[in-house]
Every structure is written in C-alpha cells, then in structure tokens.
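Encoded as structure tokens, here's the structure I'll be asking about.
Naming follows writing order (A, B, C, D and E), and every chain is counted from residue 1.
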Amino acid sequence: MSPRTRLWVLACGVAGVAALLAVTVWRLPPFGGARHPYGERAVEAALASRVANAVASVNFDQRAFDTLGEQAILFGSVLGTVVVLRQTRDERRVEPEPAGVAGPVRRYALIALPVVLLTGVYVVAHGQLSPGGGFQGGVVAATGLHLLYVAVDYRALKRVRSVHLFTLADAAGEAGYLLLGTGGLLAGTAYLTDVLPLGTFGTLASGGTVPLLNAAIGVEVAAAVVVLLARFLDQAIEIVTSGEEGDRAPGTDGAPGTGGARPAGGTGRADGADGPHRTGRGGAG
Amino acid sequence: MSVLPYLVAGWLFLAGCVGMATSRNLIHAVGSLAVCQSSTYVLLLAVGYRRGGTAPVHSDIRPGSRPLVDPVVQALTLTDVVVGATVTALLLALVVQVAKRHGTVDPDELRELRG
Amino acid sequence: MDELPVALALLLVACAGTAAVATRDPVRQSLVLGVLGLALALLFTVLQAPDVALSQLAVGTALTPLMVLLSVRKVRRKARSERREEHE
Amino acid sequence: MRGTVRPRPPRARRAARAAGETALWWAVLTGLWLVLIQTVDRLELVVGTAAALPVACAARAARLAAAHR
Amino acid sequence: MNGWLAAACALLVLGLLPALAAACTGPVLRRVLAQNLTTVLTALVLLLLAQGYARPAYGDLALVLAVLGPAGTLVFERLLAEELAASPARTPFQRLMGLAGTAAVPPVVLALAVVTDPGRATVKLLLTGCLLLAGSAVCTRALTAAWGR
C-alpha cells in the first residue's frame, strides 16, 4: 500500500469513527447526572465494611479478584520487559562514567530522597482512609529512589539498589496478595473475602484485609518499577554491543535525522561531546 | 456541557490513533498510544461524575453529608493508570529490541527490511 | 458556572493531547506528555477523583518521561553506531 | 567530592557517628509522619516510627553512595 | 463557585495555558523551563482546589506533586544535558518563567495558610509550599547552570 492510499484509508476510518462517536455521545447518560446505581451501592458496601475510602474498598474488597487480574498484567509486563531487555551474548557492559552534578542539586536530592520514600509509605499506609493506596504509593517510593540517578549518578544508584532483592520483593508482593486471598478459603467462604476483624472506622487498622492487600500491592508495584527502570537504565547506560560506543562518548546529535550529517569518526573517539559536559556540570556548583 | 467531556474523550482517542498511524518513529507511536489510553480515563470518569458531588473518600467528611461521585469507575481507572504505564514500558522495551536488531525505528524502513 | 473548572481542565487536556501527538520528535514529545499528565491529574481532581489523580501524578511526572528518554538514548546510540559501520 | 583521603577514624567512633546520623534522620522523619497524618493514635505512631527507621537507613546509605566516588 | 475555585480557574487560564504553549514550541531549554513552571502551577491549582472544595484530603495531591515534580524536571535536565547546552542563549521570557516558578508559590501558600485553622494541617501546607519552592529553585538553577557554559 502506498503512503497516499494509507492516508486515505486512515482518513476514512477516522471520519467513520468520529461520526459514530458524535451520534453515540447523545445517547450516553448525561454528564453530571444524579443516577449512579452502582456507585451508591458501592459506597454503602464500603461504609458497611468500615473503609473510609470507597475507591479502596472497591479495589481491594468488592472487586479484589479484578485487581488480582490487573496486578497479574503488571507482573507479566514486568517479566516481559526483563526478558526482552536482557543482556545478550554479543553485548558487554561498560562501567558508567561518574557524572558531575551541581552541588545544590545533589544536596537537594539527598534531603528529598527520604522525604519522597516516607511520602510513598504514607500514601500506601493510608490507602483505605485518604486518597492513595498501593498502586500510587509504590510508584512514588520507587520514583524517589531514582532521584539518586537523576541528581547524583548511576553508580550511586547501583550502590544502594540490589536488583536481585527487588526482584524477590516483586514476587513476594504478588505472592502476598495471592496468599491473603486464601484467608477467605480457610474461613470457609470465597477467595479474597474480607474475613479479618473490621476495626474502627477511620483508623489505620480499619477494613480488615484492605490495608494488608494495599501493602502487598505497594511492595509489588514499587519493586516492579525499580526492576523495570533497572533494565532500561542498564540498556541505556551500561550495555553496549560490539562496535557501539559506551556512555563514555555518545555524540550530541539532536533528532535522528540530523545525525547522519556528522562525519563518521573513529570508533574510539575519546573526545565525545558528552564528556566535557559532564565534568563541566560539576564546576557549576 | 452535557456532552463536552465525551467529545474530548473521542477527540483524544482519534488524535492518538492518527498519531500512531502517521508516526515515523516507534517511540512517538508509543507516546501517541498513551494519549489514546488517556481518552478512556476521561470517558470513564466523566460517566461517573455527579453534579455537585465530591470524592467518595470519608477521611475528612462525615458519611452521608454530601452527594458522592461514583467510586466504581474511579477504581477501574486508577489501577489502569499504573498498569498502563508498565505496559508502555513493555512496548518501549520491544522498540529498543527492534532498534537493536534492525538499526531503525521507522516503521516504513522496517517494512522495507522485511521485503 | 459551577462546572467552569471542569470545562477549563477539559480544554487544557484536549490542547495538551493534541500537542503531544503533533510533536514528532520523541524527546520533545516526552516533555509534552509530562504536561499532559499534569493536565489529566487536574481534570481528575475537578471530576472529584483524587485517587486517580494521584495515580496519574505518580506515573506521569517522572516515570514515563524517564522510560521514554532512556529508550531514545539507547535507540540513538544504536542508530549512530550502525551509521558509522556503514560509513567505514 | 573531596579528593583527599583522610585517615579513617576508629571503629567505635564510626559506629557512633552512623548511629547518630540514622537516629537524627529517624527523629526528623517521624516528625514528618506526624505532620502528614490526620489523627494521632497509638497505631499511627507505631507504624510511623516503624516506617521511618528503614527510610532513615536509606537516607544514610544514599548519602554514603553519593559521597563515595 | 467560591473565590478559591475562581482563583484556581484564573491560574489555570492565565498560568497553565501559556505554560503549555511554551512547552510545545521553541528550543529545548525553554520547553523544560515551561515544564517546571507547569509542575509548580499545577501544584498550586491543586492546593486552591482543595480549599475550594473544602476537602483537605486533596492537599495530598499537591504534596506528592511537590516531591515528585522536581524529580521529573531533573530527569529532563539529566538526560537532555547535551541538547540543553546546545540551546540558544536565554531570553528574557525564559528568565521570566524561571522567576514565575518560584515567585508564584509564596502568595498562594500564605493566603491558604491564613485561612486554615492553625494546627498540623497548617504545618503540612507550609511544608508543601517549602518543598515546592526548594524544588523549583533547584531545578531552575540546574537548568541555568546547564546553559551557562
């Protein structure tokens, strides 16, 4: 198919879908309407099981099995990424260069890092009370750890991060969710039923298994994000195929299209443009 | 106003589709897919909205004191935001792999390579 | 009048989404995607979905741009070395 | 950042310093937890102090990792 | 619709829309500065919305954005170092964006702190404000340093 025909097909498809959508939106329940039968019942059920945040109750109690599926997708895509981005036989690792970072940035990162981590824990722990939960808090905490990469350098991050441990934590979070579900079976009811004592409304221990499932998801998501980013960081910084430059001397080309104009230099160009930048950044502090 | 959010959701979906179909760079295509994904979030939350309502979170309000919006669609959306990000990661990993094997991320050049 | 915040946030999201698609360079697109994430978080807040907004903030501010930029870096390095082999 | 190699202080001193730094972070982070939460009760305090301890260790580890080059 | 929501709308139209336009056009340095400005303004709008809807719980969003936003900007600062250094010299407009990113925080946060009942909620609000201010200042400074050579 020539590009021109392709554009015509695309235009027809887009016009068709747009027309269908334009017809359909008038049949949808009007925006802001007062009738929400599922929502009202979900809120009632949440209050009955003493969970202040109805969204957490839907996720981890009423539709906990659905969340199990969601986190299976998460686990699977992390597994897929790890497999796709593994180091192959024709690739080797180069030691990343230390990056000079301005002093204020580094100091800011070292103070902000614990604050972000604690905020992440806070968001996970109060998932059944205030907005938040395992999914959000896990990502917050994992992002906080990578402040060490963006504001110090990859070697510093590698010193505190054991990918092996985080892989185990990922699996442990997944297993924790599955095992917490079996509590319902042991009590003689359905899988993932909330069987623990419900506690007092509005406190950290309310909602039975909801906070525990939240914590399991939090561990899993945080570990999953760290493992994912570890693979991407390895590929972008450390792993090179034979003939490819390492992080020592990547060029400065802008868009891929402009790179071809550069004269082909020798493979061992030590004066790559990145080197001086890195050291220069150190002087800025 | 009663259909504006739905129209915006449709617009985002179509814009993302056009971006993916006309993309000359697979990474850009993955970014456009993220725009498509966001259209579903807008649609779902618009369906669950209630005029004058507030979030179904009782940490700082008394239960029953204010009308609430629908928590079910919010629960659907919030897990998908995070799971969608990891799926984006998987797609990016595949793009990196394509670049490694074929040396290009332009869909047209890739088609020529296949012959 | 009560829904002015919703309408404005929708407008912001529509603009940011269109701009994200129209920006063809992946590096610049990742910046616009970051802004789109923030706009979506605002929209979710005015639609009274703070949980979803928190999710979007957590994912959109740093995680997605970091992954996109790392992929771009790897892909460009690879493309550059391939070009060099062709030239030699 | 510092290029010069300083003589290492005795082990007890180093341990005391490490404990001091971690304890300082622990106190600061527990205070932060108290600011974040809405209602203060015993369980919140227990969870807060328990969460602050590993984070304090992480803070010290991050500082060491950044200083070591 | 109360005054706080009106203020949030005004900030959205007068601050966020121009910042979005700046993030979509021009050299990379300008785009990253605009991204930083967007982060700060979004956090402020979130704080105003929390007050406007009388839901202190929404303040957590601004807190999370205040701690994660600088990390996001530093990602760009780190991975686009080469392109940032190659950007043309700073214009007065870019300087204005850097300034606005820090100058917008104190008035909003202080106004909100005055109407909040004194207590831990006030401390949390001020903490969010301080984190925003520090993060924005550090990011602007880092971007300027990348340009300065």
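By definition in this document, a residue touches a chain if its C-beta (ideal position, glycine included) is under 8 Å from a C-beta of that chain, and two chains touch if they have at least 3 such contacts.
If you want to know which protein each chain is, UniProt gives these names: B = Dehydrogenase; C = MrpA C-terminal/MbhD domain-containing protein; D = Sensor histidine kinase; E = Multisubunit sodium/proton antiporter MrpF subunit.
Predicted, not measured: the structure shown is a model, and the values here were computed from it.
The set of chains touching chain A and also touching chain C is given as B, E.
Put simply, the chain farthest from chain A by mean CA position is D.
The chain with its C-alpha centre at the largest distance from the centre of chain E is D. When the interfaces A-D and B-E are ranked by how many C-beta pairs touch across them, A-D comes first. Chain centres here are Cα averages; for chain A and chain E they lie 23 Å apart. Averaged C-alpha coordinates put the centre of chain B at 10 Å from the centre of chain C. Centres computed as Cα averages put chain A at a distance of 14 Å from chain B. Residues of chain A in contact with at least two other chains: 32, 53, 55, 109, 115, 119, 123, 126, 129-133, 135-136, 139-140, 143, 146, 150, 202, 225, 228, 232, 235, 241, 256. Counting partners per residue, chain B has 1, 4-5, 18, 25, 46, 48-49, 51, 54-55, 57, 59-60, 69, 74-75, 78, 81-82, 85, 89, 92, 96, 100 as the residues that reach two or more other chains.
The set of chain E residues touching two or more other chains comprises 53, 55, 57-58, 60-61, 63-64, 68, 71, 75, 83. By the definition given earlier, chain contacts exist for A-B, A-C, A-D, A-E, B-C, B-E, C-E, D-E.
Residues of chain B that touch chain A in their complex: 1-7, 10, 13-14, 17-18, 21-22, 25, 46-51, 55-60, 63, 67-75, 78-83, 85-87, 89-90, 92-94, 96-97, 100, 108.
Chain E contributes residues 1, 5, 8-9, 12-13, 16-17, 19-20, 23-24, 28, 31-32, 34-35, 38-39, 42, 45-46, 49, 53, 55, 57-58, 60-61, 64-65, 68-69, 71-72, 75-76, 79-80, 83 to its touches with chain C in the complex. On the side of chain A, the complex with chain B involves touching residues 3, 6-7, 10, 13-14, 17-18, 21-22, 25-26, 28-34, 36, 38-40, 42-43, 46-47, 52-55, 57-59, 63, 67, 70-71, 73-74, 77-78, 80-81, 84-85, 126, 129-131, 133, 135-136, 138-139, 201-202, 221, 224-225, 228, 231-232, 235, 241, 256. By the touch rule above, chain B contacts chain C in their complex via residues 1, 4-5, 8, 11-12, 15-16, 18-19, 23-25, 27-28, 30-32, 34-35, 38-39, 41-42, 45-46, 48-49, 51-55, 57, 69, 74-75, 77-78, 81-82, 84-85, 88-89, 92, 95-96, 99-100, 103-105. The part of chain E that touches chain A in the complex is made up of residues 57-58, 60-61, 63-64, 67-68, 70-71, 74-75, 77-78, 81-83, 85-86, 131, 134-135, 138, 141-142, 145-146, 148-149.
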